[in-house]
Every structure is written in structure tokens, then in C-alpha cells.
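In what follows, a single structure is set out as C-alpha cells and then discussed.
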Amino acid sequence: MLEIILFYIAATVALVSTILAMTRANAIHALIYLIVSLLAVAVIFYLIGAPFVAALEIVIYAGAIMVLFVFVIMMLNLGAKGDAREKTWMRPSVWVGPALLTIVLFAELLYVISSAEGPVSTGVVGAKQVGLSLFGPYVLAVEIASMLLLAGLVGSFHLGRRYLDRAPSSELGHQQEGE
Amino acid sequence: MLMINLILILLIGGVVAIFSERLGADVPRKVALAVVIIDLIYLLIALSTIPQLETLQAPVPSDPETWLMHYSVEWIPAFGIKIELALDGLSMLMVLLTLILGAVAVSASWTDIKVRQGFFEANLLWTLAGVLGVFMALDLFLFFLFWEVMLIPMYFMIAIWGHENRGYAAMKFFIFTQASGLLMLVSILALVVIHHGNTGVWTFSYFDLLSAQIAAQTAFWLMLGFFVAFVVKLPGFPFHTWLPDAHTQAPTAGSVILAGILLKTGAYGLIRFAVPLFPQASMEFAPVALWLGVAGVIYGAILAFGQTDFKRLVAYSSVSHMGFVLLGVYAWNILALQGAVMQMVAHGFSTAALFMIAGSLQERLHTRDMREMGGLWQNMPRMGAIAMFFIVASLGLPGLGNFVAEFLVLLGLFQVDRLLAVIAALGLITGAAYSLLLMQRSFQGEPDETRQLVDFGTREMLTMAVMMTALIVLGIYPQPILDISRPVVESLISFSSIVTGGSL
Amino acid sequence: MRELIGLIPLIPLLSSATLMLFAGHLSRFAIGLLGVGSVGIAAILTAKMGIDFLGNPEVFKVTLWTWMQVGTFSSDVAFYFDGLTLVMMSVITGVGFLIHLFSTEFMEEDVSYARYFAYLNMFVAAMLILVMADNLLLLYLGWEGVGVCSYLLVGFWYQNSANGYAARKAFIVTRIGDTLMALGLFLLFTELGTLDIQALGDAAKDKWQVGDSMPLIACLLILGGAVGKSAQLPLHTWLPDAMAGPTPVSALIHAATMVTAGVYLIARTHELYLFAPIAMIAVALVGLATSLMAAFTALTQHDIKRILAYSTISQIGYMFLALGVGAWTAGIFHLMTHAFFKALLFLGSGAIIHCLHHEHNIFKMGGLRTRMPVTFWSFMIGSAALAALPMTSGFFSKDQILLQAYQVDGIGPWLWFGGLVGALLTAVYSFRLVFVVFFGQVNTEPDKDTGWRMVIPLSLLCILAMMGGWIIIPVTQVFPLAVFEHPAHWVEYVSIAVPIVGVIIAYLIFLGGQLKVDVFTNSFVMQKLQQFWFSGWRIDWLYDQLLVRPYYGLARALKLEPVDNFYRLVVTISQTFNQWLSAGQSGQMRRYITSMVFGLIVLLAILVRAS
Amino acid sequence: MEGLNIPLNHILLIASLLFVIGMLGLMIRRNIIFILMSLEVMLNSAALAFVAAGAHWGQPDGQIVFMLILSIAAAEVAVGLSLVLQVQRRFRSLDMDSLDWMRG
């Protein structure tokens, strides 16, 4: 019974903080709400019997990835001017249309998932089981994930270097004239 | 092997021509001329070994062994694609015409081309190679391949060395031929698939596909695919509009090849493929094709009359003349078909020569606009006299090749449909109108004494002499040509009449 | 000897080719020698053949080679020689030789001397082929060949655009007739299976009945060709304009030989015409109408050559009348005498023009009788023959025509009467010409007199024009014998008297001045009528409005290629699609995402429906 | 723990709500940082659905897909953020709408 209440609280927190994260003007504020949302999702993971995933969610998602965001936002140094501009971009004319589309899509999803029945979980699937499948039938997926991460590493290393600044901006300007 | 060699000599000659440019700007044209002439001599030597009797023997369309030459090796056995070449009287005439006009074309562009001569001559030779392939290939896949091969170098010739509006003209030429070629490809593939469905054999060979059994409705659409491809090339009304642009913008050699040879591939295709492969469907379609032919004859002549651009006028005259070929093919009796073959040969010479004259004028006057010409006879009497010769040839003066052709076509057509023959005969009158207008506007009239123009020199006179001799011989003693094509034409007619159970 | 018949057209042809190829390397004397000599040799050979033939009148045929043989169609390059051929060849080479000789003087100052003789020799060759041809296709070759030579010679002085226009008009108008004739050939071949002239006659006897529609159509088509070439109504308009060419050309081509080719053609194919009586009547009516129309027109012209041109049209009309009434011998006879006296008149006018600084207007001439006596006498004799005054050559031939026309059942007397009116007019206009040009006061002084190369042809032609009527042409084997009953004597007397009356009228009006016609001619109606006649009955204008202008308009309207509009439409449509689609490529990420979402919604909806 | 006794479609409802919110953010935000964040939300919601489905069947496969998604998210963020840095350096702006050179 407690878990059920906890679940609905976590779900509410996740939804509210995500909505707030999407609508904030200040990037850091938004990020904090996002972290909250992730943590709430981690709680849900734990509740539905996936403790290993809950841990990963907190450590890697809320921890590593979000910190990356924080670093970048700090490097960009957006400031108050950026916030003001964000506000001007959030006019109703911008979001009414997308919102309608979103509602339609949600309605469709609702229709689809309404047919799902049964309890969400019947027991805990622990780290051991996950590890066994991971290096059993899913070993190829592990390899793919490692390749992907390597590619991400190389890509971000290359893109992050400052010497790209020397890339001929005149050439880019030229292209623009050529349009 | 001989036929492969003919094509290979030209293809390799093209490569040699590109590299020979390093030896000097005027080397490639000499190389090209040498290559074409070697090819011609090679062909003549090979032909001389065929006994006279055999050229007069009727080849059975579906039996390659009765043809003058036949060569076949496997290429892609999985689909039954072979490298299959064959030569009968009709192809032989066309191949000879191609090589002679090829040499003429090289001569026509002797001084015309100022940049990248090597590549130009290479394109010229490759076009010739493609055309030879088209005239000799009897595997439909190979035929289609050569059909495309001759198109692309020609596109380059117009697009790179053409005149002021070359990009547009080259693109138009390309799209028209390419799109119609794709229709033909669809037809070829459908034909092969249907034949496979009936017999379980994959084959692209003309000889096998002749006997394919196709439902009438399907045959009609397949025939239409071939017909459109060939009529665009011919060009027949109303698919002719690429021609005036392409001709006007092409360099002289390009126009010579285009008018002299490339258009004939369309006519050849109709005679060789479109009708024999689908005799029944062609018979049903013949009235439409004949009306298109008549429309081409008259429409081309009227538009030629309205032009002020020398080359455009000649281009429209081609439309008119090739209308006679279409008439000849679809009248499908021996008179008309022989006339169509004659027209292919004679028009090749007369129009090529007119384009050479147009090119020479443009080189000297830097304009093709006839409103800026006039009285050129005074400045260049030799060119004037030669122009007069070819103009009266093109208007169908008896004693020159074109007359024999037009007469036979009309006579053959008259036996099939008198009304059409009467309308087509109007083309003789309108033909005279535009031809003489051309003469009047360019060479006659008020001369401009201040012009300093160089008359034709020895090289040009020699080239012209070749074509004039050819036209005179065709005009007063056409029998050798008629004898060469007669067995082919007769056997085609009898073949299709067996299939349709009657005359077309 | 017979095998050498091929040489007769070949020699002028070779000479022509030589002149074209080596024009720059030959002296003027050599050019003249070659040009005149080749026709001279042809004339000598013809004379030899003629003498042989008269001694032993045997028709023969020489086949040189097969021209084309396709399926059942076959045509040889073969020459057929009979009396009719002989007459035509004699006229062509004989008169042709004299005109060539005349030309050497007339053209001596022209820069394109060699070109002139090249064309003229080629013409003689083509004309010989025309008359010698054994089949209609070879005849057609000569037929078109003379057409081109005529075109080349009319437009000889190409520097003047008007000449070029006249030349083109000549060619195209005759081409209309030629095309009709070509259709006639197609029909004949399709119906009778041959184009060989003799075989056609035989085949016709087998397959046709008199009065069938096929022979009628075929004969009318052939008549179309003849009408074009011989400048008869309604295709006569080119001939007056064709006078733009050098005058000896007018004499040779547009008076003596080429324009009479139509007469020859109908005479040659008379066996077919026998199956189509209606076509014969059509020939007669065309001839009569033309001769009257042209005679009226000639009466009002100022230009000496135009007068002669209309007179030629009119005289050929007589020949057609003769052919139409079945008087083939008379028609051919008139063809020959006409060749003599009309060549004479043209050469005479050429001499005048030559000596009078290229003056063409007869009212600027006058009093030349004493200045140019040879020319005067040539003109007198020529005009007398033209007017058919008794004892001249024209008298014999025209008289025969009129008398035979009278014999025709039904319309005969009307034809005869029409012919008489024409004869009267002929006498008036021809002597109007003589009186205005040679009598009265001198308006323009000639700057030179005729040299021997002009005098000799003129004198010889004078003799022929006077005596030609005594020649008996050897065509009795060619044509069926006409059943000739001598008509009442009064008919004959009237026929003889009418030309004399005409001359007297001309004298009274134009020379003596006794007959005051000013009041009459100045009346409003007559003024209008004169203008109408002067313009050639407005036929040129009519064609201009009905055919030439619409054709030019059509060509101009179509110049920009309306068919291309369809393809341009295809291009425009694909460009429009291109614009639409590339407008979607806005570069705005959010829009892409939005459209992806939209797509997602649609896909999901499809999935939901499907499940 | 012996599982959670709530209907599966409730958790799927949460997941889809999170997904559409992320998508809405993707569509309405112009700042690249926010776009990347929205992507994170969407990836996360998808991961939630996977894990829930896995839990429903008592299988570890859902969790494995979560880990795949995690690595994708990590790689994506790494590359995306370095791109953000480049964009900021070159254009002095993070406005997605101004980066429309690919306009057709």
C-alpha cells in the first residue's frame, strides 16, 4: 500500500518537474527541475522492481549527464539577457499549434495503452539477472553500445576543440552570400 | 569479331585523341580523322570478302545465320544477355553512312573547335562508336546500352562546345532522349519477362524475341514504348522540339552527326525493332503513325519557312524530311520502305552539308541570323554554288538522292492511303518554299561589298565534293543501294505479313 | 548512230559541269565557245538523227541503265525517239543554239559569264531529257530540271532581291503544278502498273473505258502539271515576273521551249486523254480562257518583255485549245512556229534592251525603225507571224487550230469565236508594240547597234518565222488521224481576215491616229478596266491575299513553336512542385520536428486502425 | 519486495505523458540547450516504458534496453553539447531558428 502511494507521488513529482523544466527561462533552473524529474523516475524504477536500473538512473543520468549540462551552461555564460530572450520566445503563437499536435498524439497513445492489462510487476529483477542476459544473449548490444560511446567520445573530443574556430568563417560567410 | 573491332577502334581512338592533345592542339583532329578512316577502310576490306551473291540473299529475320555477319558471346548468362552483333544490308548501309559522315564531321570541325580539342574529338568518336553499336547490336540489352552510349558524348558536345544557349539545348536534348529511352527500356524488360513467362528462357536476343507471343493489348503498349523512343529520336511530330534547339546550339560537327546519323538511329529502330517485334500492334497503330508523319512533313516545312536562323531553318527542314521516313516505314510496303531507306541515306548527306555550310557561315560572320546575311554569293561564289546544290537537293530535285527517296515514299504511300499521299505531297511545295527562301536570304540579294570573307578552301571543297558525288550517284544510279537493302526489306515485309496474316 | 542519242543531252550537260567547275580558269572566249559549241554539236547530232529519221521513219528506244527498280516499280534511264521527239529536239537545239549565240553578245559585259552559260547549257540538257524521256519519271526529272534552271536564270542577277522573288515565285508556282503531276504519276502507276509512256497507252486500252473516272482524274492531274509549267490559268502568274531574267533566257526558256513543255506533255500522253473526253474539254477551255485573259492583259502593259510574256501565255493557250479539241498535230505545229517567232521577238526585244541601256518601257522608246533596222525587220516579221498574217508561219498553225476547233461538236463554234477574238487582240497588241517602239519620235537614242552575233540569230529566226509554216512535221505516226472535214468557206475567210483587221485597228489607233479612242479609254469604266487588265486581272493580288499572306502569317504565328508550349508546361509544373517542396525545406529545425510529429500522428493512426 | 500492484497502463500513461511533454518542449523551445534537454526527457520516458514492460513480464530485457538508451543518451549529449559550444562560438547565439542555412 505504501509503495502504491509512493508511486503516485513519484509520478506526480516527475510530471510536474518535467513540465516546469520545459517551461523555465533560466537554463540552470530548468536543469535542476529535470534532475528532480529524473530522480522521481528513479524512484519509480525502484518501485517496479528494477533496483539496478534505478541506481544507474541516479548515477549516470542525474549524475554524469546532467553535470555535463551544468558545465556547458556555465561555459556558455548565458546570463539574465538570455533569460529575457527566452521569455519573449515563449509566446502563445509559438506553442499553441505544437500543443494541439501533442494532445492529439497523446490521445492516440492513450488509446493504444488502454488495452494493456495486468499489474506492472510481479517481482524484482535484480542486477544478477540483468548481468547474465547482458553478457549472454545481448553481448552484441554491449558491443554496439561501446562503439557508440567511442564514437561519441571521438566526436565530442573533435568538436570541442577550439581550433575549429580557425575554420574559415569567411568561407561560411561566402556560402551565405551564395544562397 | 570484326564488328566488335569496329567499335573498339573508335572507343580506343577516342582515348588516344584525348592524350594526343599533349602533342599539340591540332593533333587530336588528325588522330580522329585517321581513326575514322582506318575504321572505314577496315570495314570496306571486311565487306569486300562477302561475295556479291550473299548481299542479295534475303536474310531471315529470325535466323542470324542467314545474315551477312553474326557474332555472339555470352555476357551475363544469368539473364540471357549476350554480346550479339549482326549485320545485314540495312545495317551495312547505315554503318557505311555513319563512318563516311563521321569523317565529314571531323573535317567540319577542323578549325571550329578552339578549346579542349582532344576531348572534343574523343566525344565525337565515342558518339560514332555508340551509333555503330546501335546499328549492329541485336541483343536488346546491348542495343539499349549503345543507345545511351551515343547520347552522352553528344550531350557533352553540345553542352561544352555549343553556342550561346548551349546549356538549355543540351539539357533538352538529353531529357527528351533519355526519358523516351527509359520508356523503351521498360518495354524491353517487359518483353523479356513475358517471353520468360512463356518459355522459361531468359533472353534478350532479337532473334528469339521475334517469336515472343504477347497478348494484343500488352503488345500495343510495349510497341508504343519502342515507338516513342524512336520517334523522339527521328524526330517525329510532336516530339521534335528538342531538335531545333540542339541543332542550333551544337557545334558544326555535332550538328552534322546529329542530323546525319543520330536521327537515322530512330528510323533504323522503327524498321528493325518497333514493327517486326510487334507487327500486329504496329498494323493497328499505323494510321496514327502515318498522320504523325504527314503532320511532321507539313509542320516542319511551315516552321522552317518562318525561321530567321539559318541552322534552325535547316533543323526544321530535317523534321519535314524525317516525316517522310516515318511515312515510309508505316506505309510498310516495299516501295515506301525502300524510299525510307533512301531518305535516311540521302538526307544524311544533304542536311549534313547544309549544316556544314551553316557552320562555315557562322565561323566567318559570327552570326546565324539570315537577316544579317544576303548577297553572300558575291563574296563567296564557291560556297554559294555548293549551297545552291544542296538546297535544290533538299527540295527534292530529281537526279539527286532525296528525290528518289521522296518519290518512292509517296508512291508507296499512295498505294496505302491516297488522301495522306496527297497531303504529304504538299510537302514538296512547302519544301521548295523554305529551301529557296534560305537561298534568297543568305546568298542572294543585296551584297555587302565591304565584307571580307574567305571562300571555301581545298579541305572544305573536298568534303563537299564527297557529299555532292554521293548525292548525284544516289540520284541517278540508286540501284546498288536499293539492291543492298531490298532483301532485308522484302524479308521484313514477308515476316510481318506471316505474323499478321496480311499486309501491314 | 541511235546509241549516240544519249550524247545529245550529255554534251551540254558536260559543258555545263565544266563551266561550273573551271569557271575561273577559262577565258571568256573559251566559255563562249564551250557554251555555244556544245549546243551546236547537239544541234548537229539532232539534225543528223532527223535526216536519218525522215529517210527511214522508224521509232526506236535506247535504254542506258536502270534508274530504279523497286518491287513491281521500274524506271529506266531510256530515251524514246519518234517524230514528236524529233520536232521538240530540233526546236530545242536549233533555237537553243541561236539563242546561245545571241547571248554571247548580250551577256558579254556580265561578270558571271561562265555561270550564265553553265545554267543555259544545263537547261538545254534538262529540256532534252524531258522531251526524249521514255517514261514519265524521267520526263519528270527533266521537268523539274528545267524548272530549277529557270529558277536559276530568272534569279541570275541575284543582287536584286526583286529578281530573287520572281525566281522563287516561278519555281514555287510551277512546283504546285509539278506536285499535281507527281500525284498523277502515282495514280497512273497504281492504276496501270507502269510509268512507261508507250506501255501506259497499251495498259489503258486494257483497263479503262472511255469516260471512266480514273482516266479523268489522272488526266486532270497531268493537266495540272502542264498548266503550271506552261503558265496557263490559274497558275500563269509566274511568267510575267519571270521576265526578270536576262532576255535571251526569256526567249529560250519562257517562250520557245520550257513553257511549251506542258503542251508536249499533253500531246505525249494523248492516248490517256482519249479516255477522258471531259479532261480534253477542260484542256480546251483552260487554253481559251487563258489566251483571252492574257491577250487583254497584254493590251495594257508598258513593259516590252511583259507584253511578250502575256503574249506567250496567250499563244500557249491556243496550243492548249488545239490539244483540247484533238488537233494535236496543229498544237505541236503551233508550238514550233511559236518557238520561232516568239524567240525572234524576244531576241529582238533583247537587242533593243541591250542597245537602249536596259530600258523596258515601250513609251520611252520610239522611232527605232531607222536606228536599228535589223531589229525592226525582225520585229515586223515576228509580229506578223504572231498576229498570224497570211503566209507567215503563225498563220498556218493558228488557222489550223481555229478550223479544227470549229469542228468540235456542240461548243466548237464558240471555241472558234473565242479564238477569233483572241486573234484580233493578238494582232492589235503586237502591232501596237511595233508601232510604238519603231515608229513615231525617238525618245531614247540607242548607244550601240547590234553586232554580228545578234544579227545572225535574228536573221535566221526571221527566215524560220516566215517560212516555218511550210515545214511538215513528221508526227503522223504519233497522233491518230484527225477526221478533218473542211468547214464552210466563210469560216476560213473570217479566220484569215480577223488578224488583218486587228493590224488595221492598231495602225489607226497607235500610228495613224485616225481612230480617236481617248474619250473612250479615258471613261471611268474603261480606266478601271484597264487597271484591272494591267494588273493581270488582279489574280496576283488574289493569290497574295488567299495564299501567300496566310502562309506567311501562319509561319510567323508558328515560328515560336507552339508544340513546345506543352513541354514548357511540363517544365513549369515541375518547377512549381520544386518551389513548393523547397519552400518546405526551410532550414528551421522546429518546423521539421513539427512535421515529423505530424507524420508520427498519422502513422500511429494508421497502426491503430490496422490493429 | 514482491512487486507493485498497480495497473500497467498507469505507468505507461506516465511514460507517454513524459514523452509528449518532451516532444512539446522540442517543438516550442528555440534554445539548443533546451532542445537537448527535451530529448533527454523523451529518451527517459521511452526507457521508463521499456523497463515497465520488462517488469511486467518479469524479464531483464527491458533493463538492458534501458542501458542501451542510456549509452545513446550519453553519446548524444556529449556530441550535442560540444556542438552547442561550437555554435555559441561561431554565431554568438543558441537560437535554433537562426541556424537555417540548409534552407532550400
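Labels A, B, C and D are assigned to the chains in the order they are written; within every chain, residues are numbered from 1.
The definition used in the following text is that a contact is a pair of C-beta atoms (placed from the backbone, for glycine too) under 8 Å apart; a residue touches a chain by one contact, two chains touch by 3 or more.
Note that the structure is predicted; figures quoted are calculated from it, not measured.
A.B. asks: Report which of B-C and C-D is connected by more C-beta pairs in contact.
C.D. replies: B-C
A.B. asks: Using the average of all C-alpha atoms in each chain as its centre, how far is it in Å between chain A and chain B?
C.D. replies: Using C-alpha averages as centres, the distance is 68 Å.
A.B. asks: Roughly how many whole angstrom separate the Cα centroids of chain B and chain C?
C.D. replies: 37
A.B. asks: If you average the Cα atoms of chain C and of chain D to get two centres, how far apart are those centres in Å?
C.D. replies: Here chain C and chain D have centroids separated by 96 Å.
A.B. asks: Between chain A and chain D, tell me the centre distance in angstrom, where each centre is the average of that chain's C-alpha atoms.
C.D. replies: Those two chain centres are 4 Å apart.
A.B. asks: Enumerate the residues of chain B that touch no fewer than two other chains.
C.D. replies: Counting only residues that touch two or more other chains, chain B contributes none.
A.B. asks: By residue number and range, which residues of chain A touch two or more other chains?
C.D. replies: Each of 98, 101-102, 105, 109 in chain A touches at least two other chains.
A.B. asks: I need the residues of chain C touching at least two other chains; which ones are they?
C.D. replies: Expected reply: 594, 597.
A.B. asks: Throw together a list of every chain pair that touches.
C.D. replies: Listed in label order, the chain pairs in contact are A-C, A-D, B-C, C-D.
A.B. asks: Across the complex, what residues on chain D touch chain C?
C.D. replies: Chain D reaches chain C through residues 23, 26-28, 30, 35, 96-97, 99-104.
A.B. asks: Given the complex with chain B, which residues does chain C contribute to the contact?
C.D. replies: Answer in residue numbers: 20, 65-71, 73, 77, 137, 140-141, 143-145, 148, 151-152, 155, 158-161, 164-165, 167-168, 171-172, 175-176, 178-179, 182-183, 185-187, 189-190, 551, 554-556, 558-559, 561, 563-564, 566-567.
A.B. asks: Give the list of chain A residues in touch with chain D in this complex.
C.D. replies: The contact residues of chain A facing chain D are 3-4, 7, 11, 14-15, 18-19, 21-22, 27, 30-31, 34, 37-38, 41, 44-45, 47-50, 52-53, 56, 60-61, 64-65, 68-69, 72-73, 75-76, 78, 82, 86, 89-90, 94-95, 98-99, 101-103, 105-106, 109-110, 113-114, 116-125, 129-130, 132-134, 138, 141, 144-146, 148-149, 151-153, 155-157, 159-160, 162, 164-165, 169, 172, 175-176, 179.
A.B. asks: Quick check: in the complex, which residue numbers of chain C touch chain D?
C.D. replies: 581-590, 593-594, 597
A.B. asks: Could you list, by residue number, the parts of chain B that touch chain C in their complex?
C.D. replies: Residues 237-238, 240-241, 244, 299, 302-303, 305-307, 333-335, 338, 375, 377-378, 385, 388, 392, 397-399, 403-404, 407-408, 410-411, 414-415, 421-422, 425-426, 428-429, 432-433, 436-437, 440, 443-447, 476-479, 482, 486.
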